[in-house]
């Protein structure tokens, strides 16, 4: 426990977390500080590309691990499963409508790639080495939760859109999945020689870009909080704090069952405990338009994301070290 | 004098200054070369973050200097005072209306952060080390001049907007102040360990980004010049060249009184001698809408900014070295 | 021949080419992955600035070569000449109207700066050193082809716009020429000391930025292909594959006549064999509005660009090595 | 100059629905439209801004000029897409040159 | 389809005044508006472009669809903000679906 | 509030022609206009989008509010530029405050 607190407070004072806090402060104080949409998108493309490529090179280095396929399957299974858990919790803890609850559940079954990126930094700073294919697991976990959520919504009488081919294509080929999987494969194919060519671009400046990106996330989260007063009842808030712990617990179990390294276990917890705020919201606007976006965006970005950043990630890393060591 | 000229000509042939000149040329020749607004904003966010963070780390390294508070107060005092000097000069040298003169005066009491950033590079290239907190002084000098200017405008019968709470908030929490102070504090808190994480992002590529940013400044300044023919009478032009010298003189006095290092004195001159073109123009549009923006933008960005870049900064550095050495 | 294939397949598995392929795939699969316009423009500004500056520094290092002027003249001559070759081929191989053929011809007389940038990387990776002024040759080859094309169009009865002063200014001062020539001159003037200041920005991350830029090129090319079904008849397609070979042949002859180094010969082939897709399309929209943009954009970006990237460049480098060694 | 009566339809819709809307318009025989970016706005679902966002969030404005007799087909097609979604449809009378294009 | 009369108000105003304008609109009971980016323009104060700018320079276009009877309140609110500033207000007749929203 | 009749002209034109169009407008005595960015669109020359483009590709929308009596001069000037190019011109009736500005 003490270790976790020590790690958490060490993590708290990194430039990344402080940048997020600065963004939150600026938005809540209604400063006009903003980061242009194009710059924010540019940074997210950079981060996705870099993390995917590094994952691919790591797999190229260590050879294809037999556990890769098992890990992918486990990730898909978790993403299918967690929305049911989240939905049950939401129906118990909050008064959200079935449609809203299903939409929120989709977010918590899916993953937050920025949380994953930050988690990878912390894992590395803690001296651990995670399996390179965890980035592929992340990509695999993005979409399945959406299907569970639409099933939940229609079972409860909600008017979920039919999953037509168009919607499938949109979800499976959404920008972040394509970029993550694509750069993973490029890293896998080009390996160390490829890395040598672009290392100065994707490794050295990575954490600095992450700082500015988290500044932007703080701004967006803070603006969301300001606009969402009233939306967040105590029950909803409690869910936003409890669900990442529950999710991380499932991740821990999966990681141990798979026999991942401590770094891999930590990242599995990070993934399972995080909530999407890019891919899933867009899918929900199309497939469950009656669900209120301020509920799921505020919960995912305004509650769970900061919780994971500040407390979750260091805790999961400490747990994984304790269990795995 | 010879030293100043040598330094000036050395400074003249740096990639930074030449990039500014290229931008000026392109705009005056009506090339369609442009830098997208989002990219320009992204670069300015990068520069503000980097300079603030480095300042904070420098203070963390050297310990809190007793002079920090004195320097901040001196900066605030200068920012309050210089608009009065500028206003008097403008009323003597030009035929600008009281409102226009007050708006221009606000710009010259405030500071140009890009001039400061360029000045820091020159100071460093000259082998000097300035106090890290000068970046906080820069932030402190942004806003006070606005108050003096509104006072001047209303005293002269101009219709200055009342300084309501909203306007205060906007001015004190404008994007560049928040980012500069925020990143300064982050640098202060995280110190060298924080720096180690993001050094490759904010130190090594800094001067290169500054080049492209100055290219953009040149484009914007050149476009302003093209649109402002007729606005710049000889008197107004003379003011734009004289005021930075006067301001730098005040800065020199303040720096010596404070007992700053030669590098610090040089930066104090740079700050006092520079004129705002980001924060103050926006405030003037709100608070003194009758003032003509082409007057103050052209003067600040088209006259004083290039003057400082090419002649002012190397001169101030040489003076500070001569006096301080 | 085997060498060429070996080099081609080595080139094929670089991160750059694979990023281009990823972009193509994403666009053809209608993924919503996109790179914002501002980010794409920002990257292209970076690449132009970096390649120009490096060229200038290289010339500063090796001294002004007597062949520089000859190479510039040869480039201009090629750019004037190649549209006639292309036009003749097009009229023979395709059923394009004279206006469309002239517009396409303009593109193939001019050059693709991204192909040049990629070619430079491959030349360097092959251990060759090209003349630094090749970047100035590239700039010189951008515009002349436009004049030939307008001549061809009006000779064939097309309604080409008169080349008024305005159009001249637009073409000669288009963004990429100004930036390329400007940064070349800046590099020339500041030499190694200038390079030392901004090396970390323009050298180390260069190939990484190129990767993301080629990803974007792939996206744009793929979208163009999707929209241009029907436009590309077999004849047009054949032209898009044959013309770069013809052009490169002219480039080879010119390079050998000039006595360039093997690296320089390779780059001359790359330039002559490449087709513009930035400067010339904008000029054609103004001067030959009746020409169908999907024909020339698809050909240039969707056929010739990938051909050069994957097969052309490695082939030209191998030929230049074989002939020059 | 000779102008012809037309309708100008402006549809403000969530960005993730843009593809579906334009597909529906094309199906309804609309021969042209223009998509404008939107910075932010306010409505029953609150205030929002595009700044700093990374997903396909936010809205876009789709503008169509069409012959008056085609208005109903267009509105029906648009409405079917917009119906359950956040968004606004406004129609104004307009005139165009070159009627053969619409 | 059934449409209802409305007014479309388009206000082009300096970016630093956007917050004040939208606050005034909300106070005047305007229930929705959309903010569009502006690239550049020209007027009595000369030509300007947003390209390369870093401050909150430039202008934005605010578009409101409202019931006709609310037009006066809106114009008064908008005018009070725009009055001393650079900017333009234009009003056109329009029709909307779903009148209950406006 | 007191408003005055005006015309709102919206010209959607290729970006490389923007400078020529605005020069022609100024020559025709148009005292003000606003340029809006365009994200993409569709017409006889197919679908296009601005995303990821680097050149001066794509289109822009130029909006002018003018006195009705000046409409013809404006349309003639605009048409001379747009004629051979991809683009669309739409005109709507509008009203403006502060007629002295137009």
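We call the chains A, B, C, D, E and F, going by the order they appear; numbering starts again at 1 in every chain.
Everything below uses one rule, namely that a contact is a pair of C-beta atoms (placed from the backbone, for glycine too) under 8 Å apart; a residue touches a chain by one contact, two chains touch by 3 or more.
Small disclaimer: the values here were computed from a predicted structure and weren't measured.
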Labels of chains that are neighbours to subunit E and to subunit F: D
Just grab the chain with the largest centre-to-centre distance to subunit A, centres being mean Cα coordinates. F
Going by C-alpha centroids, which chain is farthest from subunit D? Tell me that one. B
Distance between the CA centroids of subunit A and subunit F (whole Å) is 45
Euclidean distance of C-alpha centroids - subunit A vs subunit D, Å: 34
If you average the Cα atoms of subunit D and of subunit E to get two centres, how far apart are those centres in Å? 18
Residues in subunit A with touches to at least two other chains are numbered 32, 34-39, 41-42, 175, 204-205
Residues in subunit D with touches to at least two other chains are numbered 36-37, 49, 56, 92-93
Interchain pairs in contact, sorted by label: A-B, A-C, A-D, B-C, B-E, C-F, D-E, D-F, E-F
Subunit F residues within the subunit D interface of the complex: 10, 12, 36-44, 49, 59, 61, 72, 75-76, 79, 88-93
Can you list the residues on subunit E that touch subunit B in the complex? 14-17, 20, 45-58, 84-86
Within their complex, state which residues of subunit C touch subunit A. 13-15, 18-19, 22, 25-26, 29-39, 42, 204-209, 211-212, 215
For a test of understanding, state which residues of subunit B touch subunit E in their complex under the given definition. 34-37, 40-41, 44, 159, 166, 175, 216, 219-220, 223, 227-228, 277-279, 281-283, 285-286, 289-290, 292-294
Residues of subunit D defined as touching subunit F within the complex: 1, 3, 6, 8, 22, 26, 31-37, 60, 63, 65, 92-98, 101
